[in-house]
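Note sheet for the following structure.
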Amino acid sequence: MGAHISDIRHHCGLVGFWGVPDAAKKTYYALQALQHRGQESAGVVASDRSRIRSKKGLGLVSEAIRPRDLVPLAGDIAIGHVRYSTTGTQRIQNIQPLVIEYSQGIVAIGHNGNLTNARTIRADYEARGSIFQTSTDSEAFVHLMADPRNLATPDPLGAALREVRGSFAVVLMTRDRLIAARDRLGFRPLSIAKLGSGWMVASETCAFDLFDAEHVRDVDPGEIVEFGEKRGSGEEKGSDPLTARGSDPFSSPFLSSRRFAPPPQKLAQCVFEHIYFARPDSRVFGRSVHKVRYRLGEILAKEHPVDADIVIAIPDSGNSAAMGFAQASGLRLDRGFIRNYYVGRTFIMPGERSSTVELKLNVVREAVQGKRVVVVDDSIVRGTTSRARLKSLRSAGARELHFRISAPPIRHGCYFGIDFPDPAKLVAANRTVEQVRDYLGVDSLAYISVDGLMEAVRGTREEFCTACFTGDYPVKAEEDMDKHAMERRT
Amino acid sequence: MGAHISDIRHHCGLVGFWGVPDAAKKTYYALQALQHRGQESAGVVASDRSRIRSKKGLGLVSEAIRPRDLVPLAGDIAIGHVRYSTTGTQRIQNIQPLVIEYSQGIVAIGHNGNLTNARTIRADYEARGSIFQTSTDSEAFVHLMADPRNLATPDPLGAALREVRGSFAVVLMTRDRLIAARDRLGFRPLSIAKLGSGWMVASETCAFDLFDAEHVRDVDPGEIVEFGEKRGSGEEKGSDPLTARGSDPFSSPFLSSRRFAPPPQKLAQCVFEHIYFARPDSRVFGRSVHKVRYRLGEILAKEHPVDADIVIAIPDSGNSAAMGFAQASGLRLDRGFIRNYYVGRTFIMPGERSSTVELKLNVVREAVQGKRVVVVDDSIVRGTTSRARLKSLRSAGARELHFRISAPPIRHGCYFGIDFPDPAKLVAANRTVEQVRDYLGVDSLAYISVDGLMEAVRGTREEFCTACFTGDYPVKAEEDMDKHAMERRT
Amino acid sequence: MGAHISDIRHHCGLVGFWGVPDAAKKTYYALQALQHRGQESAGVVASDRSRIRSKKGLGLVSEAIRPRDLVPLAGDIAIGHVRYSTTGTQRIQNIQPLVIEYSQGIVAIGHNGNLTNARTIRADYEARGSIFQTSTDSEAFVHLMADPRNLATPDPLGAALREVRGSFAVVLMTRDRLIAARDRLGFRPLSIAKLGSGWMVASETCAFDLFDAEHVRDVDPGEIVEFGEKRGSGEEKGSDPLTARGSDPFSSPFLSSRRFAPPPQKLAQCVFEHIYFARPDSRVFGRSVHKVRYRLGEILAKEHPVDADIVIAIPDSGNSAAMGFAQASGLRLDRGFIRNYYVGRTFIMPGERSSTVELKLNVVREAVQGKRVVVVDDSIVRGTTSRARLKSLRSAGARELHFRISAPPIRHGCYFGIDFPDPAKLVAANRTVEQVRDYLGVDSLAYISVDGLMEAVRGTREEFCTACFTGDYPVKAEEDMDKHAMERRT
Amino acid sequence: MGAHISDIRHHCGLVGFWGVPDAAKKTYYALQALQHRGQESAGVVASDRSRIRSKKGLGLVSEAIRPRDLVPLAGDIAIGHVRYSTTGTQRIQNIQPLVIEYSQGIVAIGHNGNLTNARTIRADYEARGSIFQTSTDSEAFVHLMADPRNLATPDPLGAALREVRGSFAVVLMTRDRLIAARDRLGFRPLSIAKLGSGWMVASETCAFDLFDAEHVRDVDPGEIVEFGEKRGSGEEKGSDPLTARGSDPFSSPFLSSRRFAPPPQKLAQCVFEHIYFARPDSRVFGRSVHKVRYRLGEILAKEHPVDADIVIAIPDSGNSAAMGFAQASGLRLDRGFIRNYYVGRTFIMPGERSSTVELKLNVVREAVQGKRVVVVDDSIVRGTTSRARLKSLRSAGARELHFRISAPPIRHGCYFGIDFPDPAKLVAANRTVEQVRDYLGVDSLAYISVDGLMEAVRGTREEFCTACFTGDYPVKAEEDMDKHAMERRT
């Protein structure tokens, strides 16, 4: 994607460990493997079974947390979170995991997704005198869990999860437990791995590879998975507030599973994870991301062939698809852009127009000069960045430019965790493909079809959410979703 | 006092502005004038009538907040707080003013004092599902204010203040109002001044002098004073949640006053403010602090005369009383110690025993050598610092040491905002004066009497709390006061 | 290269501007484009024709210098430097550009390369009473320039440059001039561009592209190029100490050129710039780096063909060559590794073994599983990193591994600016190719030939230094080169 | 003095240790005891007999150096420096001690004073090709020591010290020696103490008191004192470049003394050390500073008696003299100002007029209201600060103000280390006492006489420099002294 910094921002990355030495340090490394899912803040919370300690900060993991900050974070249980805010502004209180204390003790929670009834929940609780600490939708979980009504049920956490709407993958931690859950439609990914005699959960499997942890399976939509020592019958009842009474052991004495919602008739897994969000070396929703993207390129080449000299990618998001395109088309793959990896997030000088784009990608003039060039990218959002980059190819002497996109046109907003801009700013929302082509100044433009997309992911529209392309939302948003609606007015 | 850093720590300082340009900057300066009341953290919250913005940090005002941090804090309303924690550990969330959002909007609050039923209040609210953000007693105010029961009364703030026990001076701020209140017994000071066409409140009048603000009067015990534009009748009702409906205008259209408690039969003003806490250039509870201290020295000289060569002070807390002592006794005043003012809060090197005392005060050998010396200090708490300093005088060749204390022996704990150590560590708690004299290694030791103290403050035991000397507590502490009881176990 | 962080470190990057508005800001951006040439320190020096101001710091450009640091660096002349120390430890004084004052005024200098007679020069000057500020070889330039013997010649700078041995590209700056020079054999690159009505010089042309500056030509080996206003005849003589008297104007009134050494019979351009150092989007020594690398891959495929399923690169250094290899061999290109670009320079936790490699590169299991894989990398230095990465491919299920290297075996040290490890640590120094193959645990291993390398760069051994492969040094090192020999013993 | 921050700035403070465990840590503490002598920068250099390590920074000692910075500074030899620049701007290179390497090895040097022929020396050396690192006059020492001419003499350090003019107290350190010296007229103080089995030197004896070090004597004017192990005859010759060959042992095997200049006929000890610079708890030039100041007050009361109600000091510089004045006059001493010790060095907000004065000192209204007040201060420089403070007393209701100054009028510049403003800005330079009184707006003004001053210090004009009062300079300044003349034009 031409502009993942300015156009789409990743949502969040989650990680959790149970029964693993140096859990906080491992969390720190794992969050760096998930850094592409959120660069605005990072947090680590650890428990040594007695005390819960945390460290959070703004920026990249390596900026937010210094290795020495982890020294006090002892213990074999930890969770971590990287975030780009889909709701809530960039305030220190909003950094997750949230660590809160309520009548049942301390719990930490990290959330990836977007709750569509969070404002209603908040208004209800505020009317009853509750006070909210953050401007994030994620805090709704905590108030629901602390509600005496839910505490009176056999599974207070399950009761709380049943009350929220929208998308969520969550990791929770008490002094001695790690808990993971996904919403009933499975919007956001969350996977489980075995690590030594303990367990690990993460948004993407690439985090498992750091430790050679063995990917066991994913958390099921509508499932709560709990990691912890089995307690004696005497203390079992209610001894941990997040543990449902009577829940059954699952695949090992340390892992139990229960459902808070019945098995779904259909799923709404976010197809954009495969198109753009996830790392190519991850398996997401049971598929290799790289292989899906490579197939997207192949299918795109078949759907929209073109006579040209070379194929180039917009790095890095278009790399896999460009390879597939070159292979299927028989055209030669070359490098049209070089990315400067040292320029992570260039601040713009006061009084300067942005130089971010120019610093990050530079054209290889000798590669494109005089050539008919197929340019492969993963998606187009606003179109401004794509346009600038295509223009720089033209300036470098490219004779023809054929832009091929491994996603269908994005025409609708997302209420489930992707921070697309206002639909009015989506270049494809109110334009024909020909109008977009004209805007971008290319000789031809083509997007993959939704059917082609489904073929590449080897799935169906009953399994994946494609609402941003089709407008066919899997659930009705119960509120007028405004990601800033919940903001304090401070 | 020989050891205000290690022995007693000041509680808190409050300041507030309404209708004053650059209110945040003025708050910043005023907090520096009140810096002696708290060095652990500082916070400023400002409103431009539309948005409320805040900046807080750990350490001295000049460390916690940089001038450029104030640039965004626009507006003519602001409150500020410096703190030494009497409850709650040194965590970033605990820094005041607390800024919270509840059903009625945003409110910021700064508190000086100690609530004795805060744990009970917290337990009640947690049982009802509420979540607490801080480990401070001050958060109780907020939950009481947000409680629908109190919101249903004509004066929700008054209702909330009636439910708390213990000591408090508070400043609150909404988008367009500044509110100040003191507990019904008036433990902690809070004064009002006129500044241009606006208003200022502060814990001590020395903060007014920075701006040549005119000290008008003190907030009365049991009184709520509110600063803000008079609202039209249409929007008056409940338009500001902290404003009682039907409260009457006071001395100007912009100032209203109401009582949340009937005028008290007796007061419990903290006499330690005059002995040690307050700055000598302040007026506290209607008296000049310097003059009270000077009279303490005079009375002490009369109660416990001694034949000696010179009078010296333990700087700076004994300076005013030493002058009064020298004047009343006819003995010559000299300087026995020089204080190094650059050594504010020396951190101790890892693996070193403390060098704080030695760095801060150094003996003037030539002044005391061969002399019979009267040493005047304001109080003795643990006695360890006094002992070290007296010993250094002896090492420098002082022939006789006569220690005179401008407070009675401290023998009892304080539940109303002074962070005395555990009574078991008070040197006078279980020792006779002779035993303390022996411990300190001086030739004579004498304390002022409680009657002498009352004479110096020109007050009575019905007006001042003297519990730390007499054990005669003005109210029963309803809970076992443990300042850390409320701590999260994180 | 498998391990540019631990094995080879880039030397330095230079940039300079003359007659260009906001020269310091442009230098800041340009240094980021050259960041791959040095990550240890960065410095910017600017002149507004009246005052010279500088800012330097340790780390990446974005760490060493904040945008607001540039605000005071006014003027239209500036030079900048990024550095990995080839001599001198990481001390603040060693950060370049050096700014020094001597009898002729102030001069700033940035140097890329390595002087082989710096220790002798230093000893000579110290014996005469001179004092050295840094432990870098670069300071030798300054003392030579300040020497009255050289000042007495018509071209003191030329005289100084004639006395140093070894490799250098240098940029110098006085209050109103910018000067660039290269050693007589042209070891290190330095190019000239026109930018508006002013000029720009840089180690690599990729820095020009940021500003759409037009690459005019390179500084010639043995040439001094000077940018500045022509001075009136009255003040011309000696008015700028670095300007040779009587030097002739070159291509414009603002650019003059002179030689400090006769045109060389042969050159010694560093071929490693093309193999690994330079950015693929640069032109270096008149050749496109990407195209050279692509050809290296093609030639490698022809010299050492292999029957396999896929070709993968070690990213990013092997990317261009892998493309060329796939194209020439007809094998399918795939992605075997995904690089985590957020992990720039991971600090290792105290008490942890390095996790750097694992965090940076992760295998795409699905791409390599069961496959016969050709792995293309640019070079092998110590071999440890390569070995670890190849092992991770094997662990992921690669059936065969064929390692292809687009450089000949590195068997000799470099005295001209590349910080190779001690030859004893070069894996190829004392091993046959078969022994290296065995050490790396691959099924086959092949390096490009020196002739193949020359074919790819379209040059001859008379034009390029290939000493690290052949041991055939273009000049005799006059001293026992020890990059730390010059260190102060502080 | 009403304005030591804006009017006079202290020069420098020196400290050195030899043969004392944890010498760097002790230096750190000792520099804090000398903090009043310089707040712009601080530096510590330590030797473990093998390596010399240093840490320097801008600001107060506690800002410039963190305790953990000292961890690597091992060894039992160290020197330290705090500085307010009398020459050289506030640049990091200018921070002392300077650590330089020359032909004889490494030497560190700290300097208090001002060399009047530094520009000539610099010009000479620059003409010979030498390069200067700093813009301080102190660097002249180093170049003289490195000069082969001086190295050829039996005592190169003595030869170097004979070539400089002006004022200096210096401490030098090599890997195994500590050396201290004072200029031949003894302008600046430097004292020696015994500490355990080692030695300590410091600008003021108050630094000795921190460690209970025993003040032995002062370094004599024209003397070089050297601390170090006696070396065997074999290695003695020239083994340490700063050790004169053949110098004789002094009072112990570890201390030697030699003269670089004959005993002086007269001295020029700076009387301002007693009036204002030194801490009252120090002994300087053999006199107790507090007692001198107390006597200044007594003599002032006798020279210029006044009928008044109270005596107050401008704190803290007037405190001792005010006590003496009150005692001699029989008037009552009171506190007219309270100083806010938390406001060390208030930065002024952008766009604000200074609030420094108001934040630092506040009037005790109740003490001065309606009173006839004698105000005692140590000196008047520009007069602006005094004027503002006297005005604030008037505003608080003082009925009469009688200003008494314990120094004569300052009418001449200082070339020997005091950073007075330009004489044109000295309020007394071109005004009669009556005109100054009128400017200050007081009812009477009187200065002590020069004879009274000499009586108080119990010395003569042959022993003390009184040039700032009398214009009678002890030596001719050989150059047009301009403290910024040596500045680089950077």
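Order as written gives the chain letters A, B, C and D; numbering starts at 1 within each chain.
To be clear about the criterion, a contact is a pair of C-beta atoms (placed from the backbone, for glycine too) under 8 Å apart; a residue touches a chain by one contact, two chains touch by 3 or more.
Note that the coordinates shown come from a computational prediction; the quantities given were computed from them, not determined experimentally.
Trainee: Taking each chain's centre as the mean of its CA atoms, which one is most distant from chain C?
Mentor: Max centre-to-centre separation from chain C belongs to B.
Trainee: Could you put a whole-Å number on the gap between the CA centroids of chain C and chain D?
Mentor: Centres of chain C and chain D (C-alpha means) sit 49 Å apart.
Trainee: With centres defined as the mean C-alpha position, give me the chain A-chain D separation in Å.
Mentor: Distance between chain centres: 63 Å.
Trainee: What whole-number Å value describes the gap between the mean CA coordinates of chain A and chain C?
Mentor: Each chain reduced to its C-alpha mean, chain A and chain C end up 39 Å apart.
Trainee: What parts of chain C, by residue number, touch at least two of the other chains?
Mentor: In chain C, no residue touches at least two other chains, as defined above.
Trainee: Please list each pair of chains that are touching.
Mentor: Pairwise, the chains that meet the contact rule are A-B, A-C, B-D, C-D.
Trainee: Touching chain D in the complex: which residues of chain B?
Mentor: 25, 29, 32-33, 35-36, 39, 60-62, 67-68, 70, 206, 209-210, 279-281, 283, 288, 290-291, 294, 316, 319-320, 323, 326-327, 332-335, 337-338, 340-344, 346-347, 349-350, 352, 355, 358-359, 362-367
Trainee: Using the touch definition up top, name the residues of chain C that touch chain D in the complex.
Mentor: Spelled out, the residues of chain C in touch with chain D are 51-54, 92, 99-103, 105-106, 125-133, 142-143, 146-148, 151, 488-490.
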